[in-house]
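Chain IDs A, B, C, D, E and F follow the sequence of writing; residue 1 opens each chain.
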Amino acid sequence: MSQLANERVAYFNGKIVPESQVLIPFRDRGFKYGDAVFDMTRTFGHKIFRLQEHVDRLYKSLAYLKIDPQLSPKEMIRLSEEVLERNLHLIGKNEDYWLGQRISRGVGESFSGTENAGATVIVECSPLPLKHRAPLYRDGIDVIVPSVRRTPPDAMSPRAKTHNYINLVLADLEARAQDAEAWAVLLDQDGNLCEGLGSNVFIVSGDRLLTPRARFVLPGISRQHTIDMAERIGLPFAEADIDLYDAYTADEMFLTSTSLCICPVRSINGRTVGDGAVPGPVTRQLIDAYAKSVDFDFMGQYLSHLS
Amino acid sequence: MSQLANERVAYFNGKIVPESQVLIPFRDRGFKYGDAVFDMTRTFGHKIFRLQEHVDRLYKSLAYLKIDPQLSPKEMIRLSEEVLERNLHLIGKNEDYWLGQRISRGVGESFSGTENAGATVIVECSPLPLKHRAPLYRDGIDVIVPSVRRTPPDAMSPRAKTHNYINLVLADLEARAQDAEAWAVLLDQDGNLCEGLGSNVFIVSGDRLLTPRARFVLPGISRQHTIDMAERIGLPFAEADIDLYDAYTADEMFLTSTSLCICPVRSINGRTVGDGAVPGPVTRQLIDAYAKSVDFDFMGQYLSHLS
Amino acid sequence: MSQLANERVAYFNGKIVPESQVLIPFRDRGFKYGDAVFDMTRTFGHKIFRLQEHVDRLYKSLAYLKIDPQLSPKEMIRLSEEVLERNLHLIGKNEDYWLGQRISRGVGESFSGTENAGATVIVECSPLPLKHRAPLYRDGIDVIVPSVRRTPPDAMSPRAKTHNYINLVLADLEARAQDAEAWAVLLDQDGNLCEGLGSNVFIVSGDRLLTPRARFVLPGISRQHTIDMAERIGLPFAEADIDLYDAYTADEMFLTSTSLCICPVRSINGRTVGDGAVPGPVTRQLIDAYAKSVDFDFMGQYLSHLS
Amino acid sequence: MSQLANERVAYFNGKIVPESQVLIPFRDRGFKYGDAVFDMTRTFGHKIFRLQEHVDRLYKSLAYLKIDPQLSPKEMIRLSEEVLERNLHLIGKNEDYWLGQRISRGVGESFSGTENAGATVIVECSPLPLKHRAPLYRDGIDVIVPSVRRTPPDAMSPRAKTHNYINLVLADLEARAQDAEAWAVLLDQDGNLCEGLGSNVFIVSGDRLLTPRARFVLPGISRQHTIDMAERIGLPFAEADIDLYDAYTADEMFLTSTSLCICPVRSINGRTVGDGAVPGPVTRQLIDAYAKSVDFDFMGQYLSHLS
Amino acid sequence: MSQLANERVAYFNGKIVPESQVLIPFRDRGFKYGDAVFDMTRTFGHKIFRLQEHVDRLYKSLAYLKIDPQLSPKEMIRLSEEVLERNLHLIGKNEDYWLGQRISRGVGESFSGTENAGATVIVECSPLPLKHRAPLYRDGIDVIVPSVRRTPPDAMSPRAKTHNYINLVLADLEARAQDAEAWAVLLDQDGNLCEGLGSNVFIVSGDRLLTPRARFVLPGISRQHTIDMAERIGLPFAEADIDLYDAYTADEMFLTSTSLCICPVRSINGRTVGDGAVPGPVTRQLIDAYAKSVDFDFMGQYLSHLS
Amino acid sequence: MSQLANERVAYFNGKIVPESQVLIPFRDRGFKYGDAVFDMTRTFGHKIFRLQEHVDRLYKSLAYLKIDPQLSPKEMIRLSEEVLERNLHLIGKNEDYWLGQRISRGVGESFSGTENAGATVIVECSPLPLKHRAPLYRDGIDVIVPSVRRTPPDAMSPRAKTHNYINLVLADLEARAQDAEAWAVLLDQDGNLCEGLGSNVFIVSGDRLLTPRARFVLPGISRQHTIDMAERIGLPFAEADIDLYDAYTADEMFLTSTSLCICPVRSINGRTVGDGAVPGPVTRQLIDAYAKSVDFDFMGQYLSHLS
């Protein structure tokens, strides 16, 4: 096994190998069709966040696509822990990892009668883009709502975390054509805000925390963790239909994701959110509760990477 | 370059290599997001069918996704011809190839600030599944309309030929769970028939040939060729909204695709199409005109592979 | 009154007559237009289940269609009891009846100026198909989701129980073309599961019981009774948007109806539900609670008719 | 066979019988579910209008519902002619008949395992309501657009002529609650005018005749005949999306149906159509061409019944 | 300042002037585009009802349209109080005022490069139409559901109170063409009842009070006050999807608005609501609680103006 | 009549007055509800363009809203000509006017029983923003597709030219927040491009000119004139569903409006249209034909105002 001294390793179809050897045959359905699922958690101070929940969601995605990973959830958890363990020495103390699993259906076409050779399984990690994103925690995210709408559930459920991301990529292309640092948050088929590429959205309206209903969004683990934090600090919360009227009249807004945890939004469609405080007071409370619950000051970590 | 004596070669990022060396890094966006496009034509008696049109459509798909292949259409055509040339000796006289191009956006994430290293380009061919599909030309295809609806154009255009096929895979899983040899043809968001995984649908109703409007379907080259044949034999033709009433009362039905050319449908949702003739008289006329125009008896070729 | 010795009787426009004499003039709007409503309960050990609720719902259906039955709910109840009474001697101890009321608008066309002669009223019963359905309780129901969508409420409310069933018949034709014993459960206009021909659907997901919102489904009395049972056994319950992602990742699934009470589902679209146990543990608890509440082992009754 | 001297006869499951003996068992699916289809033509001066086309459409409706009438179209035509023949002596010279066929799926339930005993077939005629409708030809029809929308094709095709009319009955109830003589014309799911209970709608806008696309409406034979007449008199015609803007700015409007042929509309939603002429000049031309083509002054016949 | 002795005054861009001097330049965007927002409360016995809430809502409407009034909410409240104060002497003791604020974006076009000169601000009052509406409290309102649908939130949010009312005017034109005293209540894009021109709708169904979800309706202050009253009298309440099935089977129905407070509905689409009592017993309870909470018998006031 | 020496005059309710005296009472429904319609043409070298067609369309808008202007189309034309005549001396030789009519329903509320005092009628002109827009003809327009969707026809027809523009203003606010010079072109409810604030959109795709179907857009007179020019120069043309796939793969794109005539589009959503030529060759041909047909070099006029 040839490996650069500082190269990360990954699990790939039964073996731990250097990442440069995790190479997908181009006839793999994961490449040709995006016919694959994944999930992704992160570490906080090198400790894994809610791995069990992420793996549970991974197996729901697999069930939705009827892909058999030929590994049990327990094995998947063990492999994830092992992959992390073997890569931790490669990052600094003030850095952390994304840690994820990717399973494609493998090679083989029912319509041409070629046998399916079984799933392709990868477990891998990569450093969080702390430096790149640090300004977002200082300034807030600028959100643009693109014209492209989120894929409706009767075509493909947004709740399965698959390798079919073009809908979200198109949204990002729209937003970034206007502002290279903007993030897209899409509308669903009913015209309500739903989610962005890998992120959930929340607003604070009066004394209530609101987030889009789970049906049109990936039910993020960090989204759920944020909801739990709201309960912990006694903040009324509801899933709701949230449209642009709500967004334009919100007091505060923020995005959540595995890697972001909670990151404040500064503007939406060029309109300052609330009075422009980043983060707003309620968002600040939630960030604090979140940090306390994971025993890690994620916002401080991001800000420490500001150049 | 190690290559098995009978291994096909493919173009891969600047070089012609054995197919087993066309390996995609797992962080390529083509794998992680299906963020890639492709096109595919076939040979008739080892001669390429309408390569220019397929490459034109490929560049429209690239434009839609804003992917820069760093190759001109002319170069793409030349490479395609070269790849075919170097693989022809590997198939028999009575066999033919699919010939296709695949371009992914490559590695790199705007949201994490990693540079995009440029597109991944593959030109490849593979033998048509003549033997596997031969029975379809004898018996007709059994079509099942699944409950999953085709992705609507405001989420992702069905007219771009991308690597995001889960919507169509879900449709196929539904159909094949009922009948392992059935083909799915989906409804669009308005409840009209649109297309299947890689195939277009036509019906003959009275004295007219009808096919779904182009908006909700990949505007197949073979679809267009079939329309041209209808004109050649003086058959009235129209793009139309075609729903299940039309399908259940049609006189004939068939699918088209690059590889199928024209293949008769025997039944839809368990109902025999028309009087059950496979192919029906009009379909037979179109098959004959098609074969004549490409100077190749594709149906005869398929049937000759019946075991 | 000529009547076969073992012929059931029914109430028909003012009289109790043998069923063979309940004959509808072909110009009755109930025949020509399905311009009629009905409701249907069952007996448990020859005792009527929630007749008051069924008659209340019948009068809501009448109000929706603005049909005047010229009988009060009380009279309808009394007639129902009488019809049952006069037919009980015709079934065995281990058998039970459906007991229903049907009211059409009668003869007469506003658009041609013919007088409406008043409603046609029938009260009738028929033996439950215990033997035919017994295997469902042993093996579970195989559900297929058809491509046809449930009629939307702004065209005709699914909550009124009318004689217009073609939408549901079309769904059944689709399902049974694939599998003669399968049951159809349709999607509503938003792509959520709603109901089948005369049945409601429930899933168990994690520790929660879920069923589609009442808006798109007939608010079944047995559906409500099942919800009551969930409360009784302390099972968290919610009305929810339930799509195929939920269905494919559910732990358990079952159908309810007047006659089925609760019947487990084995598969949906060819995918085994949960781990394939029939019934699953939560379904079993609900069946037990249901049986206890009606003081009748309906599942045992069904299974006793297995040949 | 007991028959009143002046009673009409009808064909019923193999025999010609007095109408009073055409009685449907209440368990017939045609009654319980409206699970039946029909078609209807009329006579002009006692001669049948386009019977072949109506029977062809009938068999398409049968195919859509997968009902087997166990009679060939030829036999159906012959029976229709015979039924008419045997009833002609019952009406006056200045009167005419509707002549129709009705086929239900018969008795039997797949879900309870009762055998289907075969289709119920009726061929029948009834006098046109000439006197009742005569004022419409003098004054024009008042159209009201109800809030209820036409059943969408993915739930049940409006192009099949079935016994499921509640959607249209609800529309009529809305219109007639406001004005007992008004006719309802519904909007389809896209908000375009489609059809009323048994009638098609046309507008004259500038120098063009327009009618809703066939997808959302029963493709009326009289609708087609009117289109043919437009061609005959050189009037430009198109199928089009027609919404309330078109209706409110139309120069003329009329309804067509088998019995109406062409009948002018005076107002829509309380707004006078065009300048209020009944019929307008173009409608008049079409009425004349229609009358000439069927060699019968249908409008004169109606008006002659004015009391 | 020339003013008739009994002329009302209003605030207009910085000054209190006679109403006849509140004149809008025809190039003001409030006139050309309806590009303006407003809000409106009323007095009870000359005391203002919930002015703070109305002004809060006004500023949400301003935020939605990104109009800067160049006045703080506090100033707006003070001006409103002043305008009322200066007009109170013009009405009788048994009369009351509407009191409202209107802010347009002013003159100026981005697309032609003309500067925006700043918002136009009006604060004004006008006497409630007590006499005109008095019969509604005696007889109940007749509601007609028009065919025109409420503007969907992704085109323009119904929750912002703007000067774009044509959608509601079209609805009113439909209803009043049928019955000059009828009120329109529209359906939203999903076919649920939402609101009328300035009014919210409630139904009483069984023991529950229901009103449409806030997303498709202006969240009326009086709507909220009614909900508060329901809580006060212990009446179970829910926001719900309310369609025509609910409306036709409701026990009671009423409208709320700033000026109406609560006014009973007698019929909907020509069908008597419940048993026809005006008001029904639950509506009566709510009216009493409402009157008590504002310390004013609004219904008595209306009825006292019956001629 | 006090008038500044260089002040324009306008027709206002029966008189020609200085523009500063065209003042709308704030209770006029045109202000309160945008309950008004308008139309607008322009001059070419001080000669009016297609006034008859614009006035015809104005009267269709009036009919749609049921507003009676109490003036005949002929009078409206005459007044328009007079207003222009009396203002021509105020502009230079190289300048031109917009010339328009605006009619509101006037004062009065059906719901409060105040009499309607009759329509408010204005005929007015204003100089074209030649200097402001000149750069667009040199550089091309940058189009942004906003997330807000065009109001659907069943809520309010986009084909009537009314004073309700908030939907389009919201779209503009989105676009201009990203780029102060960008123009918004909206999607309709089906996700197709429709129109912008006062402009129609065309694309050139291959050898065909395409523009959105008339149903979702104001059927612009300049749009029609452009279509006429296409016919004149032998360019194949069709109304079509045009979505973002079409837009992103178009060879050329341009906007039309009364004032713009034809103005090239440089980019859409940040993507260069075609090869970036402004105008493209086909657009250039159409501009030339347009200029020739109106005998006026409108593009030259715009460009001559470049500073």
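Here is the rule we go by: a contact is a pair of C-beta atoms (placed from the backbone, for glycine too) under 8 Å apart; a residue touches a chain by one contact, two chains touch by 3 or more.
The UniProt protein names, listed by chain, are A, B, C, D, E, F = Probable branched-chain-amino-acid aminotransferase.
Computed from a predicted structure; not experimentally measured.
Touching chain B and chain C together: A, D. Taking the mean Cα position of each chain as its centre, F sits at the greatest distance from chain C. Note on chain placement: the centre of chain A and the centre of chain D lie 57 Å apart, centres being C-alpha means.
Here the spacing of chain B and chain F, counted between their Cα centres, is 44 Å. Annotation for chain F: residues touching 2 or more other chains are 66, 147-149, 152, 154, 173, 187, 191, 244, 271.
If touching chains are joined by edges, the resulting network of the protein chains shown has some other shape, matching none of path, cycle, star or complete graph. By the contact rule set out at the top, the touching chain pairs are A-B, A-C, A-E, A-F, B-C, B-D, B-F, C-D, C-E, D-E, D-F, E-F. Of all the residues in chain C, the ones that touch chain B in their complex are 144-149, 173-174, 177-179, 187, 191, 244, 269-271. Residue ranges on chain D touching chain C, taken from their complex, read 10, 12, 19-20, 22-28, 30-36, 38, 65-66, 102, 104, 109-114, 122, 124, 126, 129, 131-133, 147-152, 154-156, 162-167, 169-170, 172-173, 176, 180, 183, 189, 197-198. Within the complex formed with chain C, the chain E residues making contact are 187, 190-191, 241, 243-245, 248-249, 271. Of all the residues in chain A, the ones that touch chain C in their complex are 60, 63-64, 66, 152-154, 157, 159-160, 213, 215.
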